[in-house]
Amino acid sequence: MQLARVIGDIVATRKEPAYEGIPLLVIQPIAPDGSDLGRPLVALDAVGAGVGETVFFVRGKEASFPFHPKQVPADAGIVGIVDHWTTEAGGGPRARPGGQGRSPHAT
Amino acid sequence: MQLARVIGDIVATRKEPAYEGIPLLVIQPIAPDGSDLGRPLVALDAVGAGVGETVFFVRGKEASFPFHPKQVPADAGIVGIVDHWTTEAGGGPRARPGGQGRSPHAT
Amino acid sequence: MQLARVIGDIVATRKEPAYEGIPLLVIQPIAPDGSDLGRPLVALDAVGAGVGETVFFVRGKEASFPFHPKQVPADAGIVGIVDHWTTEAGGGPRARPGGQGRSPHAT
Amino acid sequence: MQLARVIGDIVATRKEPAYEGIPLLVIQPIAPDGSDLGRPLVALDAVGAGVGETVFFVRGKEASFPFHPKQVPADAGIVGIVDHWTTEAGGGPRARPGGQGRSPHAT
Amino acid sequence: MQLARVIGDIVATRKEPAYEGIPLLVIQPIAPDGSDLGRPLVALDAVGAGVGETVFFVRGKEASFPFHPKQVPADAGIVGIVDHWTTEAGGGPRARPGGQGRSPHAT
């Protein structure tokens, strides 16, 4: 999987029927230090991510697992929203030492 | 998935029988700003795309899903025609703010 | 799939039994303008291609589909011989405007 | 598979349910001489690796095999901790000539 | 598939149980002219290759086919030892014009 920043979304009316109702986001893969890493791509969103959030995504057929038993012809999908991460060189740009992350259901 | 521009098509008479009747297009992957990104490739077309249109395509075995139950040995397939997209840096070259996209069945 | 030029072949006597009797060709991926694109690789040949011919090949497990039900552990296979192609920038090096391609069974 | 060095970990509370309870580590692929090779990525950990250890990991859907029958949408997973390796150019940075490796259960 | 030169091996005592008893070799992909091509990787060995030999290997899940029905989470496997090859630009470094290759069972 790779870290990425959500940078946009896509509207497509003519598409494979299996895509109906699934958000398509444009994401920019990033390095652990938060810098851009490689080319932007289009990914299915299975976790309700929004523009500006840091996520991790999976490549390959596995991207469609969260939509099972629907057979979505996909090769990239967002599977988690990152609260924070730590590396040898320190935390990422959204690192919050000691933080417990945000709850998706927090009000 | 990745954004791409359709730039050509291919004629092949000697080929795997499973390919019979499926359009083969040459596509150029592009970045969200519309610039070329990486190498052109050959993709199955499942949505009736034409030269010059902006599409998004899937890599891997999933490219053949739209032709199920036919088993097409493919690794890239066009799965949607892009109406418009938006990113942090603004819309893509075909972005139409507020637009509803083109209907595939519009007359 | 990608366009490629067949540039050689391989002889291997010690190999996985599933490979028995399947031609192994060395191919050089090419761009639509006919220039080399990336690294040469070894591919199964399912269509009787020869050195010097322009082909298109598939990556991944799908490369073994033409040999079904034989389970060949392969990741690249030639699935068609290209007669000609056209792109925005004109035809490929073997383009024959108005041509119908060569029949594999022509005499 | 590729050699890598574990360089960090990730905390994500909003994620695909299948990820629950599986450690997510940030790894840096390395060359046989121990130098960094390509971009860091996020991998499932199936062997109890820790930051600073040298591991080898697998790419693709296979990354989720160790968690079978759980269907984890993953594309990278750590499958072994390297004791030492040898190459034409000598051993890797953790090579211990004549060593038997560390037992995971040694006390 | 790709040509490669076997350059080393790996010892790992803590690993996925499915790896037990399968040799893990470090290989350097090479071009048809014998020069290094891309990064070294770790591959399963299904054909008894040794350091210094020229082989061809497969990427992806197919790497584990020779060990069926064992489910090995692998993405690269050596599937043949190359006797010689020929290309437009002449044979590879081990090419033996007119040779019949080495028999694995020769005495």
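Remarks
Note that the chains are named A, B, C, D and E in the order they appear, and that numbering of residues resets to 1 at the start of each chain.
The definition used in the following text is that contacts are C-beta pairs under 8 Å (C-beta built on N, C-alpha and C of every residue); 3 or more make two chains touch, one makes a residue touch a chain.
The structure displayed is predicted, hence computed values, not measured ones.
Centre-to-centre, using mean CA coordinates, chain B is 35 Å away from chain D. Look at where the CA atoms of chain A average out and do the same for chain D: the two points lie 22 Å apart.
The set of chain A residues that touch two or more partner chains comprises 60-61. If touching chains are joined by edges, the resulting network of the protein chains shown is one closed cycle, each chain touching exactly two neighbours. Passing around the ring starting with chain B, then chain C, and so on, the chain order reads B, C, E, D, A. Here chain C touches chain B in the complex through residues 1-3, 29, 31-32, 37-38, 46-48, 56, 58-63, 65-66, 68, 77, 79-89, 100-104, going by the rule given at the top.
Interface residues of chain D, counted against chain A in their complex, comprise 7-16, 18-19, 24, 26, 39-43, 51-52, 60-61, 64, 71-76.
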